[in-house]
Structures are given as structure tokens and as C-alpha cells.
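Each structure below is given as C-alpha cells.
Look at the two complexes coming up: chain A is in both, with chain B in one and chain C in the other.
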Partner chain A sequence: MTWPGVPPAVPAILLALLLGAALVAATGGDPLDAYGQIVVGALAWENLTNTLNWAVPLVGMTLVAAIPLRGGMVNLGGDGQLVAGGLVAALVPLWLPAPGWVLILLATALAMLAGGLVAALAGLGEVRFGVPLLISSLLLNYPVAGLASWLVGFPLRDRSSGLPQTVMIPAAAQLPPLGDVLNMGAFAMLAVVLCVVFFDRATVAGYELRMRGLNARFAAYGGVRLGRQALAAMAASGAVAGIVGALLVLGSQYRFTDGALLSPAYTWSGLMAALLAEGEPVGSIAAGMFFAALQTGGFAMERETSVPRELSMVLQALVILLLAARHGLARRRA
Partner chain B sequence: MSGLVSPFLVHTAMQSVTPILLAALAGALCGQAGVFNIALEGQMLVGAFAGVAASFLAHSALAGVAVGATAGLLFALILAYGATVLRGDAIVIGIGMNLLASGLTSYLLRPLFGVTGTFDDPRIVGLPVLTIRALSGMPYLAALFSGLTAITWIAWGLVAAATVALFRTPIGLRLRGVGEAPEAAAALGVDVRRYRVATVLFGGVLTGLAGVQLALGTITVFSDDMTAGRGWIAVVAVLLGRSHPLHAALACLLFGFADAVGLQLQGRGLPSQLTDIAPYVVTLAALVLSRRRRMA
Partner chain C sequence: MVPALEVRGIVKRYGGLLANDGIDLAVAAGEVHAVMGENGAGKTTLMSILYGLQPPDAGEMFRDGRWVRFRSSADAIAAGLGMVHQAFRLFGSLTVWENVVYGREPRRGGFIDRRAAREAVAALAVRYGLAVAPDAVVDRLSVGVRQRVEILKTLYRRARVLILDEPTAVLTPPEREALFAVLRALVADGSSVLFVTHKLDEVMAISDRVTVLRDGRVAAHMATRETSPREIVRAMIGRSLPPPPPRTGEPPGEVRLEVRDLFVRAPGRPPPVAGVSFAVRAGEIVGIAGVAGNGQTELVEALAGLRRPDGGRVAVNGRDVTAADAAGHRAAGLAYVPEDRAAVGTARAASAAENLALGFHRAPPIARGRLLDRAAMRAWARQLIARFDIRIAGERSPAGTLSGGNLQKLVVARELAHAAPVLIAEQPTRGVDVGAIATIHAQLAAERAARRAVLVVSAELSEILALSDRVLAMFEGRIIAECDGAAADEEGIGALMAGRRAEAA
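== the complex of A and B ==
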């Protein structure tokens, strides 16, 4: 099944949609109705802002996965990096007396630092201690999330609320809304996206990272210092996760609530989107937007039909599995 | 510290470590055959779901065991063929399988049982525990070894059997050859692909059983993502034990004891958010220490 001129993701997506339809039909649903509701729920004019709003963090977490993936590294620690950034962003406006826009910039900068440090620590695990990055990044999620959970559950808890969460940040430090659903965070994410694409296409470091992804030993022979590069790529990736955490806290949640950043599973959807495009930024972003539409539509589908919204997760996973198999087939023929 | 390590503690650790132990054994065997299996988490979740569903529908724990193991085997087909015949990337396939398992089990809860999040029903039959009469006169030993499920005993038996099979039998030699030097093994007439497929599928059965023990062992319930990182801990145990079943099993025990000590400390008033991270920190520290020594 190789068609000239058709990107390999297209047949994988079509086949995944077919398998998903079979699942819906087998569990007593109407596949056409379900898919129709997904399309309307995601792309109808009045729903587009919802899709965009979901796409802001999801595209961010896609970049978190895509940056290291471009160099052949897998960062599974997005959850911990996101939480570290979100918590810091929720605390800075509470503790520092400063004008609103200073607070927003400072909170975002420190959130980047926090996310970047957590990710760099995972990178250090591989570079210094020989623990595979996949494992060191993943294992760090648990202590970071546990510690954040304890902090907002006990010492930093808003005593007036029944939930484990911090006190709400002052209105001056909240990102200005943009219409009913979106907020200024969407522009911030657009800026991040442009930076990453520029880095990938037009800088020496971006070229070196791509080279590492194609052949790490060749890159090292060409003078790339692999250890330092791994740390830098991870720090950048974690910093983007920190930004996502900051934008969610400053733009829509206005406080750090235990579990609120992780329950939508942006990290894993983002990872799948990045895998779909093998870390190439523009393709990854497109895949992230596609998955955002799929999930936003999934919520609408669940409201309108009896089909559970987890169908979107199943479809995403199927696309990745089919693509992994297809790549293998193509490689065998080559 | 002395009050922290009691026979009760060891017993708790033995029971809670069984799912991780079985998954780590599966991972170790796959590692020996040269397949990096990071789909353990998803396979365990599928086994847990299928086990609970079958136990509920057939009112039988045995049906839960049989269906859970079979579901683990069927789900492992994706990795078995994806990473060998189709030559896909085992890591990408593993990530995809974990998310597919998470999404699919969560999806199926509603059409099959009409619930979301957690499926808890008195008609789900849990695994029986084995009481050893001979130990009734010895309270310490009874506290240790009585009241464990059959799967726990089988898991330890399999660790021993797998160690012997790997290092003392021709099949084990071929399996290790397939992992260490696939070209050489193929040149000697060993069907590399068939060995890998069979190992991954056998691992699927083990991981399916791990899920059954998790969902029908001490509790009888299925809930979304109830594996909660146990499959990943098993992956870490495989790394710590360098794919040696016995060494991986010891790594699992380390994790189990950290977990059980954490529970004890929680009983003494430490917040659960902090004690819950103890096993992960201990495992990470063990990984860092063991690797550093090797690198020096």
C-alpha cells in the first residue's frame, strides 16, 4: 500500500478510522453518526474556538515531544515538566508584589526554568549515569507530581476551598481573554511554534539536532558534543512544557489544582502527534491540531451520542501503531 | 526501623509485587530475545480488564485467569508481529500499545458494563488465596507464606524455571543467541523471527496474568489506568537486572519493599502523596547507582 505522492500518515489515518468505525459498530453505536458528531463538534464555526483552545496546550506538548524526537530522543517526562511549570506559575503571582504584566512574564520565565530543570535532570540521568532517557524522564514524573500534590494538599493549600489547590492568582496576573473561550496564551503559543520552526530550519543547532536524529555517530564525528546536546534539547523541551503549564494556569485555571493539568493527558496525545511526524516540527504541529480536533469533537460526540469520548484516544493510538507497521514495510522494500 | 519490617509487611510486599514480578519476567525474556518490550503497562491493563470482565460474566475466578491470559496473548500479537515481521520500532509500538490499552479499556467500560471510570460489582469473583495448613503452628512463617494467591506461587516458580531454561537448556541458549547475535543465530539455522514472536507472545500471557492478579488478587475491581505505572516499574526492573530473570525479580522485591514501607509510614501519619513516591525514588536511585558503578 504505497501510493506515490501521498504522505504515509494518510493511509494510516484512514485505516484507523475504519477500525474505529468497526469498534463503534461492534459496541452498538452508529459509526457514521459518531464521526459526523466529531466533525461538527470540532470544525463547525461556533465550535472552532473550543478546538483552538484545546490545541494551544496540545500543540505545546507536541513540541515538548518533537524537540528531543528530532534528535532521536524520547522524552516521556512531559507530565512532570508540565506540573513543575504550572505550580511555579501559580505561586509567583501570589508571592511577588509587582505589576500584572511583570508577574505574567516572570511567572512564565520561572515556569520555563522549572520545567527545563526537571527535563535536564532526566537528561543528566542518561548522559551522566547511563539510565536510558526514556526511563529517567518517565520515572521523574512520579516524584514531581507527588511532591506538587503534597504541596498544594498541605503547606500551600487554599484553606477556604475544599479542593487541594492554591489560592487564586490576582486578576492583574491573569492572561487577558480573547473572545469567549480563548485567551492571549494562544498568541504566546504561536510565538513558541514560530521559534521552534525557525530553530529547526534556520539555525546551526537545529541542523545539528536533525543530524543527530539521522545518525548520532555521524553527528559526533562531525563535531557535535552529544552529551551537551542531549541536555540542551531536553532543557528546551522541558521549558516548553513549563510554558504550557504557565499558560494553562495564568490563562484559564487561575490556580494550580491537583491533577487538573494532567487529566486531559496532553502529554501523551502530544507525544503521539510528534511520533506521527517523526519530530518534524511543522508536521508535528499539524498532527497536534488534528488530534486537538479529534478530542474536542470527541467531547461533542459523547454529548450527542452514546459513544464514549475515549474513542479519540483509541483512534490516535491506532494511527501510531499502523504507521509504525507501515514504516517497517517501507523500510523492508527499500 | 525494626518495627517497620514485620511478617505482615513482607506478606503485603509479596502480594503487591506479584503483578510487577510477572511483567518483569515477561520483559526479561523479551530482552533476552532482543525485543525491548515497553508495552508491559498496556498489556497488564488489558489482562486486568479481560480478567474482571470474564470473572463477572462467568462468575468464576478461573475464567478470569484464562481470559485474562488469553487477552494478554492476543494483545501481544501487535508487538510480536509489529516488531519482527513488519520491522516497526519496538518503542513506538510499545507507546502506541500502552495508549491503545488505556483508551480501549476505558472506552469498553461504558458499552459493556454501563459505567465510567470504575467497574466494581459483587458478582466479580476474586482469586482464592491458598492457606497452608502445615504452617498453622508457626505464626511467623504462616504470616509470610499463607494466604497468597496461586498466581503469586506460580510467578516465583516461573522465575526459577525461566532462569534454568535460559541458562541450562538448548532452547534457552538459542533464545539468548537470537538476542545477542541474531545474524549468527540465523546462520546456525535458528529461526530468529519465530523465537522472537513466541517469546513476546509468552510474555503477553505472563503480563495478562499480572493484570489478573492486580484486578482480582487483593481487590476485585477494574478502574481506568489501574496499573498506575507498574508496567513501567517492571521495565525498570528489567533494566536493573539486565534482562536476567532472577536479578529482575530481586529488583521487583526492592520496589515492593519500598512500597510496603511507604504504606507503613503512611500508617504513622506521613501524607500519602509523599509515601507514594518512595518506591519510584528508590528505583531511580538504584538505577543510577547500578549504572554508575558499571560505567566507572
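== the complex of A and C ==
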């Protein structure tokens, strides 16, 4: 299943759509209606802002996965890094007396630091202690999320509310809205996207990271310090997760509510999007946008038809599986 | 007489490249037929077509005069062909006889008839003079013996036409002689051998006829007795070879690379490097000779900073780099042509420009501050591609599109361009054709003339002898002898490589 000039993701997506249609039909639904609702729900003019709003954190978490993946490393710790950033961003405006824009900048900067530190700790696990990054990054999610959960459940809890959440941040520290749905966070994310693409295309460090991803032994042989590079890539990745947490808290949730950052599973959709493009930033971002549209459309489909929105997650997973199977088949034939 | 194997007009095209362009070849029963040619001349393609690994676009094949067509190597095996690949395909943890009968086990009542299998293998080994113990575990055998197991595999499958792809690349001189004895026994028995090689002396020693390929075509069919190495080379590259680089005769200068009592340990086996000491001075080439697997790889990895030594000291250009990583070694003034150009020396999916830039990418003109100047990177690549005559479509093409010899040129080009005081060249011409070998040897000699310290590590004795001012023989992790390069001879060092200490070296 290879056509010259066609990215391998395209046939994988088409086949996934076919399989998804079969699934819908088998459960008594109308696949054309379901897909139609997804398209309308995601791309109709009045719904486009919803899609973009959903894409901001999803694309952010796509970059979180894509940055290390470009160097052949997998960061499974996006959840923990996201929570660390979100919690810090929710606390800074409560504790620091300062003008609103200072609070926003400071909260975001400290959120980056928090996310970056959590990720760097996972990197240190591999570089210093020989714990594979896959494991160290994944397992750090649980203590970080657990600690955040306890903090907002007990010492930092908003007593006036029945939920485990922090006190709402002052209005001055909230990101200004852009229309009904979006907020200024979208521009912040656009800036992050541009930075990552620029880093990948135009910097010495971006070149070194790409070479590591293509052949780590080659990079080391050429004088790249792999350990230091792994820490830097992880820290950058975690810092982006911190930004995503900060934008969600400052831009739409206005407080840290236990579980609110993790329930949409941005981390995992982002990881899949990055895998789809093998960490190449522009492709990853495109895949992240695609998944955001799929998920936003999924909500509309659930409202309008009897098909549950889990279908969009099924489609996402099918795309990845088919793409992986294609790689495996190609290898067996070779 | 009807040839045992004949092909007529074989054509194979890969995209725009004509790999085989109307090749005719006939191998008689009872002859050793050598196939020679530069890298990219089409030898590998032709062999894979003969063995049914890929179909030709045009052309016909005949086995004992009968028209045949192979859809897979299974068809080729059924027609009596056997192939010994360069990289062996053996199960290391199984015994010799288990490897030989694998896939064609004699059975009795659903079980493998072990006794019949053992006896069949032992009988074959005796018949063709292949000294192999059927019950030996393959992992414990030397490379030369493993090759005999591969040959036994083909014979067990009743091959009458054996294809050997560069069979001597990994052998010591005595092992090579043993292989030739086996080949002679085979052809005496009426079998045919198709022998692919880069080495002229082997062609002269063992073959009855030679077919030379150039640019996908047959450049010459010759009877070995009636030709000369010069003539073969001219057919291969279309010109005569330049004379080998002369030794300068200037005395070497300061010590540039110093190794003291170096140890590299490995779990579960004797230390691969067990107390090695030597020095390389400015303006000399020191060669380390040894059969693959005697610690050279580990030694060089330690010298290049890819592996931390477990004991001893390494100094590059007077700076102690024992504990430094590869970046530290490079900073101290070391350039390194690694043995494995695909796994270490290049990133196949990256462009040639990106491959040629590594190591130069942090300084101007390629780096401008922390930014990468892509135009400068490509200009740099074009310059090296021209200077070192790397045959590639363009600097943006992936390195993986290069043939083995050109990929090696790319690695050599990049490392020589460093003009570093110390150069380590590990198997600098492995799998490279005679024309490119001459070029690379001349370049290494030019490094010596430029007063650089060059360490050449090679399993290729002729290469060591052609280049080195001093030769160190390495065996089981130790330097067991040192001799003067000009005075050294193949037989003496060959014996040393096999572990016999020189009485008076």
C-alpha cells in the first residue's frame, strides 16, 4: 500500500475511515450520517472556533511528544508535566500581588519551569540511572498527579466549593477572550508552534536532534553529547506541557480542578499525532489539528446521532495501528 | 560442453539506473569462475538474480543447458545452486549439524533422525576436506570454520554451482588457503564455483576464468592463465592504477596518540582489550593487523571515545582524553573513520549534505552563532563531493542512496576534511573497489606527508603492508608483536595474526 508522492498517513486515514464506517454500520448506525456530523461539527463556520479552541492544547501536547520524538525519544510523561504546569499557573496569581499581565507572564514562566523540571527528572532517570525514558517518564505521571490531587483536595482547596479545586484566579490574571470561545492563549500557542518549527529547521541544536533521531550512534560519533541533549530535549518538551497547562488554567478553567486537565487525554492524542508524523514538527502539528477536528466533530456527532463520540478515538487509534502495520509489512518484505 | 550455468542478456533496471545491461556469463562444470568489478558495477545485482532473489527485467538463464526461471531462492536451490553470503546466516547456539540440516532434516517417524543427520554432515565434511566437528556449537567457532558450515549447508542441499560473495573478506591468510583447498576439491568433483571478489591476487590464485563487469556491462571475459592483474584492472576501471604511495622516509615527529596499558572489559568473556600500549607519532602511519574479533573494534571505540576504557590511559595531542566522550576526543584533535559506515559513520535517511556537515556544524561557515546556514552546509557538501569524487545525484540526496564504496568515500572525505592531528582509519577500504582503494590509500599517505599521525586498523593484510611504517599485530586483546612496515611480509604477519608469536620480531 505505497504510492509514490503520497504520505503514508493518507491511505492509513482512508482505511481507518472505512473500518470505522463498518463499525458504525455493524452497530446499527448510519456511517455517512455520522461522518457528515463530524465534518459539520468540526468545520462548519460557526463551529470552527470550537475546533481551534480544542486544537490549542492538543497541538501543544503534540509538540510535547514531537520534540523528543524528533530525536528518537518517547516522552510518556505529558500528563504529569501538564498537571505540574497547570497547578503552578493556578497558584501564582493567588499568592503574588502584581498587575494582571505580570501575573500572566510569571505564571506561564513558572509553569514552564515546573513542567520542564518534571520532564528533566524523567530524562535524568535514563541518563544517570539507566531507567529507560519510556518507563521513567510514564511512571512520574502518577506521583505528580497524585501530589497535585492531594494538594487541591486538602491544603490548597477552595473551602467554599464542594470540589477538589483551587480558588478562582483574579479576573486580571485571566487571559483576555477572543470572541465567544477562543482566548489569547491561541496566539501564545501559535508562537510556540513557530518557535518549535524554527528550532527544527534553522538551528544547530535542531540539526543535532534530527541526526540523533535518524541515527543516535552517528550523532554521538560526531561529537553530540547524548546525555545532555536528552535532558535538554526533555526539559523543552516538559516546558511546552507546562505552557499548555498554564493556558488551560489561565484561559478557560481559571482554577486548577482535580482531573480537569487530564480527562480530555490531550497527552495521548498528542502522542498519537506526533507518532503519525514521526516527530516532524509541521506534520505533527497538522496531525494534531486533524485529531482536534475529529474530536470536536465527535461531540457534534454524539449530539446529533446515536453514535457515541468514542468513535473519534477509535478512528484515531485505527490510523496509528494501520500506519504501524504498514511499517511492519514494509520491513518484512525488505 | 554445455555450461553448468549460463545467462544471456540479463537486464535489471532500478528507476533510472541500469544495474545490469545485457550481461552474458557462462560457468563451465568444474571451473572456478571469478566475477570482478568496481562497486556499483552490478556484481551484487547479478548474483541476486542468479540466486533467484530478484527477477531480471530481461534475459534468460540455463542450467546444464535447460532453460530455467527462478521465482525465489528456493527455485535456485532446487536447481542445484548454493550461495554463501558475506554475512553468515547461522544459528549461533545450535551445533554444526543442526545448522546444516535445518529445513531439510532427515526424519524418522516425525522426529529428526539425529544420527542420520550427523552422519550425513560428517560424510560431506570428509568428502570435501572441510575440517568441521559436526557437534561443535557454532558460536564457539572461528569465522573461517563458520564459513565452512555455510558451504556444508549448500552441499547438503546438493548444490553443484556455488556462489561465494567476497568469501575471503573475513579470513586470515591460512584460513583463506584452507578455503581455496576446499574450492579445488569441489571443482575436481565436477562442481562449479562462482567467486565474487575485489582481490586480484585471489583471482589469479584460484580462478580458471574471469568475468569483469563495468557499469552494468561485461567489460571482459578472460582466461586467468592468459591474463595479468594489470589487464584485469584496466578492464575494471578503464585505466591503469597509479603506483602505490611511496613512504616519505622522513623521520616521524612528536607523539600525537599515546595509549598506555589500556583495558576494555566485557562481561562473561576475557577482556577484549587486555593491556595495550603503543604510540603514533606525527608523520607516520601505524597499522594494527589482526583477524576480526581480536579486540580491534573495542580498542578503536575506546580510542575514539565511544566506549569508556576500564583501565589505562589515552592521550590525543598531549591531552588526556581517557575519560572524555567522543566530543572531547574530537576537540582534542581526533578524526575517525569508523569500521561500520552504515551504523556509525552515517545517517542513511539524512541527506549527503547533513552527513558531510556533522562535526563541522558548530563552527562557521555552517553555524552562524546558534543558527544553521543551510546554504553554507550545501556549499560545503558540494565542495567535498567534488574534491573526493563522490558519485551522487546531488548533495540533497539521502546518504542511503549511495553505493557502499561511495558511502565510504563520503565518510573518508568528511573525516579527512577535519585535518585533525590524529586520524584513526578503521577498515578504511572494506567493500571498496580497487580504484577507490587506490584513491583512499593515496589520501592516507597524503595525511602522513602532512605530518599527521595516522592509525590504520584493518583485517586486510595487504592494506596494512602497503601503508604502514610500523605494523602492530593484535591477537586476543594484546599487541603480540611489532615490526617495521617496509620489512614486514605477508606470511610472517599472517602467522602472527593467527596467534603465533614471532620468535625474533
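Throughout what follows, the second predicted complex is superposed on the first by the 329 of 334 C-alpha atoms of A that agree within 3 Å, B and C clash if a C-alpha of one lies under 4 Å from a C-alpha of the other, contacts with A are read in each partner's own complex, and residues count from 1 in each chain.
By definition in this document, contacts are C-beta pairs under 8 Å (C-beta built on N, C-alpha and C of every residue); 3 or more make two chains touch, one makes a residue touch a chain.
Note that the structure is predicted; figures quoted are calculated from it, not measured.
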| item | value |
| --- | --- |
| Chain B versus chain C as contact partner of A:Gly29, first or second or both or neither | first |
| Which superposed partner A:Val39 touches (first chain B, second chain C, both, neither) | neither |
| Partner with the higher number of touched chain A residues, chain C or chain B | B |
| Partner chain(s) touched by A:Ile320 [first = chain B, second = chain C, both, neither] | first |
| Chain B versus chain C as contact partner of A:Val102, first or second or both or neither | neither |
| Which superposed partner A:Trp268 touches (first chain B, second chain C, both, neither) | first |
| Overlap of chain C and chain B interfaces on chain A (superposed complexes) | none |
| Chain A to chain B touching residues, read off their complex | 23, 27-29, 74, 125, 129-132, 134-136, 138-140, 142-143, 146-147, 149-150, 153-154, 268, 271-272, 275, 306, 308, 310-314, 316-318, 320-321, 324-325, 327-329, 331-332 |
| List of chain C residues in touch with chain A within their complex | 304, 306, 325-327, 330-331, 336, 338, 343-350, 354, 357-359, 361-362, 367, 370-372, 374 |
| Touching residues on chain B, where the partner in the complex is chain A | 38, 78, 82, 86-89, 91-93, 95-97, 99-100, 102-104, 106-112, 116, 229, 232, 235-236, 239, 271, 273-274, 276-277, 280-281, 283-284, 287-288, 291-292, 294-295 |
| Contacting residues of chain A [partner chain C, same complex] | 202-208, 210-211, 214-215, 217-225 |
